[in-house]
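What follows is a group of structures, each given as structure tokens.
The two complexes that follow have chain A in common; it is paired with chain B in the first and with chain C in the second.
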Partner chain A sequence: MSAFSSTVALFSKDVRSELRTRYALNALLMFVVTAVATILFALRSDVPSPTVLSGMYWVVVFFTAMSSLSRIFVSEEERGTTMTLQLVASPSTVYFGKLFFNTALTVSLTLAVTVLYTLVFSEFFIIRTASIFFVTVFLGSLGFASAATILAAIVAKANTRGTLYPVLSFPILIVLLMTVMNATARALEGEAFSEAMGDFQILVGYILAMTGGSYMLFDYVWKD
Partner chain B sequence: MKFVKYGSLGIISIVVLAGLGIPLSPSPQGWLEFPIIPGLEDKARNLFFHVPMAWTSVLAFLVSTYFGFRYLRTKEIDYDLKSVSAAGLGLLFCILATVTGALWARFNWGSFWNWDPRQTSIFILLLIYGAYFALRSAIESEEKRASLSAVYSIIGGLTAPFFIFVMPRMMAGLHPGAKGDPSGKGPLFEAKMLAPNMRVLFYLSLIGFTLLFIWMLQMRIRTARLDYESSLEQS
Partner chain C sequence: MNQITLTVSGLSKEFNRRMIFRNVSFTISTGEALALTGKNGSGKSTLIKILSGVLTPFKGNVVFTVNGARIGPDDIKSAIGLVSPYLQLYDEFTGLENLLVLSSIRSNGSIRAGRAEALLDRFGLAARQHDLVRGYSSGMKQRLKYAFALLHAPGVLLLDEPTSNLDAEGIEVVRQVVREQQKTGVLILATNDEDEAAWCSRRFQVA
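Our next item is the complex of A and B:
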């Protein structure tokens, strides 16, 4: 099997096992609903500014992602299927399969937050420049997944899996968070697409650095 | 290695004495007077201590990452001992740089913390060091701990260019020489606001702190090796 088709096979295996239980998806959705409800309670009848809204948007995405993205490797450890995977697939296949799955999960997460935001903040959350918004959300999801995947692999090998993940991820993801918050605020304020080019360059650079670095380092994490 | 030990102690003593003792003067004559930099005055003396501390903490991070990388290549536990020793010192210097910086900021900018780009970067460096040690304490197996923490420090290092080049562009800074500094006309060095004697003392301080780091690193590596050997004997 070629590298690409085995990556796709691994990805579809993860999708199928996810759809069988829908554990991650359900947890993710409930987490998003809970977080947005908390924000609503906190705001009461205040009018949030675009900066606050875009900040809150990514805070929800960050903590939801931190609660679910590590499962991709932790579940393999828990089910005891790590060894099998090490035998049947090369490390790069495993890495890219998991990366695609995490990207898909983050994209659906951001979509869920966007839909929920437009419903509950219908007066304030108005995407004035849709092109900036969707490019930001897509690149942001990719960036999140690229850093989160290698960190999930690290955390899966540690003893305290749940608590450590956000601690490890935050310093790595903070550049990404600052950039996407910046770009999302631009989209809500209705700036022109060209204004956000600087942010997009940072995002693309970040994704390339993280994916490249993870690809080279994944062997050392994956093989015991 | 007597040279490193006495060199660092000697140079840092000179820097402390000269850096604190040389008086300021509006029109400096000769080598024993510092110029008055507008907006900094006596507070400019922090340059000789704060900047070398920040420099040493970044240097320690690089050294730690380098030894982590060597560990991944060779799988010799000695490199991991070196890597963690350097990281411990890096954390120490990082805290020192943060504290001296915050104190200086209190008197120069009016508050201890302003989320200036440099302050944000050093905060994240602190977080990375914290996460690094949290990760190490969460793994029992030695080889696993060594390789996973090495990978983490390399991943952390990958984000460094974004802080150095990207962050100052994204937000206005208050640091002397940053874009948002009203009194500054570009970086202190390029604007020729430093007198030659200040420059010499500053570079001397960089050398002194680097030597201090090397000396402390050697001691820490020696104790780490002894600890490791005694833990082997016990088990």
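Our next item is the complex of A and C:
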């Protein structure tokens, strides 16, 4: 069986496990609903600018992702199944299987936030350039997942998991956050697709650097 | 029959600057069984973890050869079976699902539903194979660990506290597994129990 098949099998195991235990899904859904409701009450009748809207959108995504993406390794550690995985899968299989799962979770999360925003803030959350918005959401999700996966693996080995994860994540994700907020504001303002190419280049570079670096580091994080 | 040899050379391990054991060396081949004995905290379980590839030694190395050819780190996973108290299976899956899911993830592995069911039957879990592991007793979980360890017919079987939580019937099945493994491959078990140590042809005192 190829390494790819093993990776897909691990991804499939995590999806089935998540659907049964709801380790991350419940936290994710509750956080999204609470955060969007709080923003709705805070805004009252004010009409925010596209820059403020895109900032609020990614703040919700960031904190929701921080509350759920670390579960992918923490749940293995807490259940004592880390060693079982070490026995059956190579580090690269584990890394990419978990990365695929976190990517799927983040894409679902951003789509859920988009749908909620469109329903709740229908008067002013209008995506004028859909191509920029959806490319940003896709690349942003990949970026979040690539950073979150390696951080989750590191944090799972620590004693102070709850506080360490967001503290470590912020400096690593700041470049990604600034870029996706900028690109989302462009989509809401209705700029041409070509205007966002610079942002997309930064996002692609970030994803490649983060995934490549994580792949090289993961072996050492995972084993001892 | 494959000739499997496991050579341990100058193995040392330390945790937080405390040396657990130093300079452990031995060789074991197909047809042999080795009992690792020693006081609590002497490093038996740590040595088992290093042999199974989930811990890296501070010094020294472990070499597996099959018919004289050295096998790499990724292939070792399909050559080793491990049963130990610190190994856990997934509570949210049934006994059969655990075996099939882990078999599909295992590098170079494949799903063997018939073999999985046969092993569950052998360890007395056939009637409960579709129940979630969450509802298993500690003895049933130990039996399931044996089914998981033997699923891919490993050349090297590592057992840490092999009969913990097992009843008399379970211990007898384990005894049979140990006899079979000694004929076809390598067996290493870590124990403080004199009866279990007597199952093996050789002993190594971990100090």
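Keep in mind that, in the parts below, the second predicted complex is superposed on the first by the 223 of 224 C-alpha atoms of A that agree within 3 Å, B and C clash if a C-alpha of one lies under 4 Å from a C-alpha of the other, contacts with A are read in each partner's own complex, and residues count from 1 in each chain.
Throughout what follows, a contact is a pair of C-beta atoms (placed from the backbone, for glycine too) under 8 Å apart; a residue touches a chain by one contact, two chains touch by 3 or more.
These numbers come from a predicted model, not from an experiment.
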State whether A:Ala9 touches chain B only (first), chain C only (second), both chains, or neither. second
One more residue to check, A:Leu139. First (chain B), second (chain C), both or neither? neither
Output check: A:Val32 vs chain B and chain C. Expected answer is one of first, second, both, neither. What do you get? neither
Touching A:Thr84, do we find chain B (first), chain C (second), both, or neither? second
In the overlaid three-chain picture, which partner chain does A:Met56 touch, first (chain B) or second (chain C), both, or neither? neither
Partner chain(s) touched by A:Ala24 [first = chain B, second = chain C, both, neither]: neither
Which residues of chain A are in contact with chain B in one complex and with chain C in the other? 224
Per the touch rule, the chain A residues reaching chain B in their complex are 147, 150-151, 154, 157-160, 164, 167-168, 170-172, 174-175, 178-179, 182, 198, 202, 205-206, 209-210, 213-214, 217, 220-221, 224
Which stretch or stretches of chain B touch chain A in the complex? 72, 124, 127-128, 130-131, 134-135, 138-140, 144, 147-148, 150-152, 154-156, 158-159, 161-163, 166-167, 169-170
Chain A residues touching chain C in their complex are 1, 3, 5-6, 9-10, 12-13, 16-17, 20-21, 79-81, 83-90, 93, 97, 223-224
Which residues of chain C touch chain A in their complex? 49, 52-56, 73-74, 77, 80, 82, 86-93, 101-102, 104-110, 148
